[in-house]
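So that you can tell them apart, the chains are marked A, B, C and D in the order they are listed, and the count of residues begins at 1 in each.
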Amino acid sequence: MLSFENDYSRAAHPAVLEAVAEANNHLYPGYGSDELSDQAKAKIREACGQPDADVWFLVGGTQTNQVVIDTITPAYAGVVAVASGHPNVHEAGAIEFSGHKVLTIPQHNGKMDPTELDEFCKTFYADGNYEHMVFPGSVYVSQSTEYGTIYSKAELQAIADVAHKYDMPLFVDGARLGYALTATGSDMTLTDLATIADVFYIGGTKVGALFGEAVVFTKHNTPKHFLTRIKQHGALLAKGFVLGAQFDALFTDNLYFKIARSANEAADRIREALRAKGYMLTFEAPTNQIFVTMDQPTIDRLEREVKLGFTEKADDTHTVMRICTSWATTHEEVDQLIEVL
Amino acid sequence: MLSFENDYSRAAHPAVLEAVAEANNHLYPGYGSDELSDQAKAKIREACGQPDADVWFLVGGTQTNQVVIDTITPAYAGVVAVASGHPNVHEAGAIEFSGHKVLTIPQHNGKMDPTELDEFCKTFYADGNYEHMVFPGSVYVSQSTEYGTIYSKAELQAIADVAHKYDMPLFVDGARLGYALTATGSDMTLTDLATIADVFYIGGTKVGALFGEAVVFTKHNTPKHFLTRIKQHGALLAKGFVLGAQFDALFTDNLYFKIARSANEAADRIREALRAKGYMLTFEAPTNQIFVTMDQPTIDRLEREVKLGFTEKADDTHTVMRICTSWATTHEEVDQLIEVL
Amino acid sequence: MLSFENDYSRAAHPAVLEAVAEANNHLYPGYGSDELSDQAKAKIREACGQPDADVWFLVGGTQTNQVVIDTITPAYAGVVAVASGHPNVHEAGAIEFSGHKVLTIPQHNGKMDPTELDEFCKTFYADGNYEHMVFPGSVYVSQSTEYGTIYSKAELQAIADVAHKYDMPLFVDGARLGYALTATGSDMTLTDLATIADVFYIGGTKVGALFGEAVVFTKHNTPKHFLTRIKQHGALLAKGFVLGAQFDALFTDNLYFKIARSANEAADRIREALRAKGYMLTFEAPTNQIFVTMDQPTIDRLEREVKLGFTEKADDTHTVMRICTSWATTHEEVDQLIEVL
Amino acid sequence: MLSFENDYSRAAHPAVLEAVAEANNHLYPGYGSDELSDQAKAKIREACGQPDADVWFLVGGTQTNQVVIDTITPAYAGVVAVASGHPNVHEAGAIEFSGHKVLTIPQHNGKMDPTELDEFCKTFYADGNYEHMVFPGSVYVSQSTEYGTIYSKAELQAIADVAHKYDMPLFVDGARLGYALTATGSDMTLTDLATIADVFYIGGTKVGALFGEAVVFTKHNTPKHFLTRIKQHGALLAKGFVLGAQFDALFTDNLYFKIARSANEAADRIREALRAKGYMLTFEAPTNQIFVTMDQPTIDRLEREVKLGFTEKADDTHTVMRICTSWATTHEEVDQLIEVL
């Protein structure tokens, strides 16, 4: 059966699997202290235009958010995120488990408004009782967002400016970074992102890897003894070279961005078809996640032929469903989907 | 200078101080295993109409909220509270420090709406991804609320019913319980509360004690090894008998409720005067906290004569100020305040 | 250069890699809710002789120890382990990070003595102040141990009996379980282990997998909402089917035990050679880890030809070095090593 | 019945109670921002010879240890203490609850040996795997120790020197500081301590106060937003002025040291009698805690007349009992005790 359920249903891009198989011909030291990881990090640094950046490989998205947020946020502080942000909704309390509050402000198509961030912090510091409250200590945004939307360079810079005004690092969750940076209409490059954000991660799990996220600290700001902090969170992979091999493959010949772009092109075709057929797109978004508000008969009809993702009830008779393309989506699959729409 | 800043500005009711001084004539064993504590607990059990209730003494409000919420909420769960709830706003992240998320729903004059609580839980369990989210594991309300309002018996019972429907204990923060139960128009007694809530505390700090809160578990539901949990939170007082002495005094001859009632009568007189003089009461509330929305010239004028509490900016030209009476407020002080209003 | 540094230097057994590659031809749902994982779990249940066991896949060893210990140990309690236990020494405080103390008793060749465990608990409960102390809440042992030694059936049963006497579950860390159960002289089968332990894990990372550990709860004792707890620890892998594929391969045709046995045979040959050449074995141990106390000239000589693992300084002139075989060690490599010894 | 059970059986020194009663005639702002607290802090600063020291008041000993250790120890680190240290044994895991491991080294009559501390740290940093371990991040000692012994100036300085060599602050738990500094033979003054330690506390609970510990940061090293951290731990007292009043009394006319000295003189007399009568003192210690190893008939005989404290079983027929004097012990009580010995 056709599936557009999510972007982590297929194991890995063939080039990634080959890189792992090739690594199997050698012995490597453990915990990321291997040459494959070094090589992958060098390629990522180059792609970021940041020869001095610190790069670390972790296994999954929630884990990465937990480790990064916990280590960049002071103990007396929380992380500011929009209410729809992944750590606030879908991480089973992983941030609170490590002792920090998620301080929420409203989302707008999944995005943070820098003015509202400023207002939130201004109000905090203007409150005579703020020492009895959780300080805003870091800022979390996702690129692309949970609703598939993206920040422009100017928008992200504006958020960074506010964050820095209040002495907070800006952390960009890039679980779907490839899809964000190669979206039709995006004006942001990886180099831009590396200039704006204090720390971000390049998502592998959803963009061609078996698993793996590459965390990039761009400003000589790696938390002290970060390897120990990773281990303390149970997040240090013994065979770090398996992460190295995968990111080495993804950052060879621009593979990461090529396969992400292909997913966006597939999504663009689907969006065009949806619009042509009168479907109601829940958000205007240019990346690989398409949210569509449908009535139940439509859902029933579609689900006989294609697996979609449930997002949430919109009202008594409508539901927001997600159509998700990925690096693995083929032209034929898109054709078939459009046919059944 | 006249002060109506808060209800914890004066050390203790004379009878409480005398009880402590009298205790000084004896030696007691430590950590609450003394006869004075036993005697105070017996009096509280009787006042609650719960001969089997477990009573524990802690030192302060945030501490009590942290210890109780942490120990009654499963590790995979958070506590549901209204957004204005003290643990969500003014406890510096004490709940998250112990690993739990505060799950918020809207407040209505500081109160929780049982229908919204039900909706929140229904939506949670209807979400296909709920296992990736923080479970609603307990319910927190305050009586009186942070805005001075109170729940009726029926209202609190309705919340308890929803909580139990979703297998959550209901915890009632009674930092200002005396003021709530003796408010003009309140239909709830301590016995009622003890029947409805799974656990609650009787606030001493703000109602006549030097410090101290009496936690009451009413349904054979004290968390296992609770004394060890208290100690683990750094909350076990060596000289527990000092807490025992105070609550013994407060629950002798109904003192706790008498002095709370006196604060409410003072507040009633002030409210009457405020209304007569055309002030705008921010909330309709019958307890010892009066919130008034004032313009700056009024604030400036008043603050030359009387200390008030700042609550929050209402808009560019108005501020919500708090006038707070306490068990220590005298008739003369109320007269003086009314004169300057 | 020859390497006997550790047992996690090579990516994966070819059959495991093939299984992952084959999985790449299909789409699977996320988070372990896929048929490959179901199939692997069924095979593990069968191998354990426990048709009702709950099986969960996690990524790494420290992560597994953190998740299991945190979820089986009451909040007022710690985990009892020998001082040399991995969670006490080499997990960067991952257990304390999740709020639990590691309560240590002495090790004997890396093993726990059930009598000492009994004595520890007896002393605890006999102490008039025990409510001010950390309760012994669970027991951790590793099979094989950090020093390569193994427990017999009777020894492990004796520990389980003491653990249960004090109402503690017994958790067996099987990071190197394959090597333990196939060691020359071992009298324990996987079925035996599944009968004795309350929870254990079958280590994949060090026995043929790219990564992955299979946690087995044998007594209908999976902690409530365990998937949510895993997620909360940042330990839930999006592509759970990659874990399923690997364990499916390892538990097909007894592969897991065959390759572990081969590592033990290699180690037996090396031990024989070491003894013949007069080396001093630090521990009498039958598994794939061989600890040898050497003087510096010997170390210098050997390290020109072969990579060994540093364990610890024994005294001013001697060091404990580790020679570690694995499922990937070849007969030729052993020949070469013996030659240089 | 006569009691020498502990030093926290009597509420407070009369002068402390009077100070609280006098405070009751005034209104004070909350949370320690009052003039009484300011005045008490000024007196403590002067007594410490540290005009710039930061002084904070907390409620109890375990709470203070938890708050201080958590805030001065990096997140990747633990606190080094001797095995008999209070946080390792009798705080119900309060340190681990806040995420830190207690790293233990042997005790010698309850004291830390600076050479062993140095060796511990040297071994740690010499270990090739130290990044996988818990860093030594701070040092905890108690003055007097859990066994009533004391550090000389030179001994404490030697520990501080080692601590600083490895970039660790030295924290001195002064729950019984008064008894330590006024012990017969002590060569340390409060000024000395304030010069040597990075942070310490002056215990009130056991030296004349109802409750309360004064934390002193001597080197402009108060953790950032310390008030918020205190609140987050549930440790901020609403009526901070009650703490201020008590310490103001204790540091007026040298009261704190006078009453502590009186307890030591009582203990000296008891020790002399014990020696004369052939009792076996468990430790050579000059402060208010006297540990005596007794056989059961002796214990039975004594306990008919006087309450003693149980410490631990020494062997099958002997037990270590504690005789504890306090600021409240009278000459007559000592006479009576000596008579029954």
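Basically, a residue touches a chain if its C-beta (ideal position, glycine included) is under 8 Å from a C-beta of that chain, and two chains touch if they have at least 3 such contacts.
Molecules present, by chain and UniProt name: A, B, C, D = Aminotransferase class I/II-fold pyridoxal phosphate-dependent enzyme.
Keep in mind that what you see is a predicted model, and the values were worked out from it rather than measured.
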| item | value |
| --- | --- |
| Chain whose mean Cα position lies farthest from subunit C | B |
| Whole-Å gap between the CA centroids of subunit C and subunit D | 42 |
| Approximate Å spacing (C-alpha centroids) for the pair subunit A, subunit D | 50 |
| Where subunit D touches two or more other chains, by residue | 76, 91-93, 97, 99, 131-133, 228-229, 231-232, 236 |
| Contact graph of the chains (line, ring, star, complete, other) | complete |
| List of subunit B residues in touch with subunit D within their complex | 3, 5-6, 8-12, 14, 17, 20-21, 23-24, 26-30, 59-67, 91-94, 97-98, 205-206, 210-211, 228-229, 231-239, 241-242, 245 |
| Residues of subunit A that touch subunit D when the two form their complex | 31, 70-71, 74-76, 99, 131-133, 135, 224-225, 227-229, 231-232, 236 |
| Interfacial residue positions of subunit A with respect to subunit B in the complex | 76, 78, 89-93, 96-97, 99-102, 123, 126-129, 131-134, 310, 312-313 |
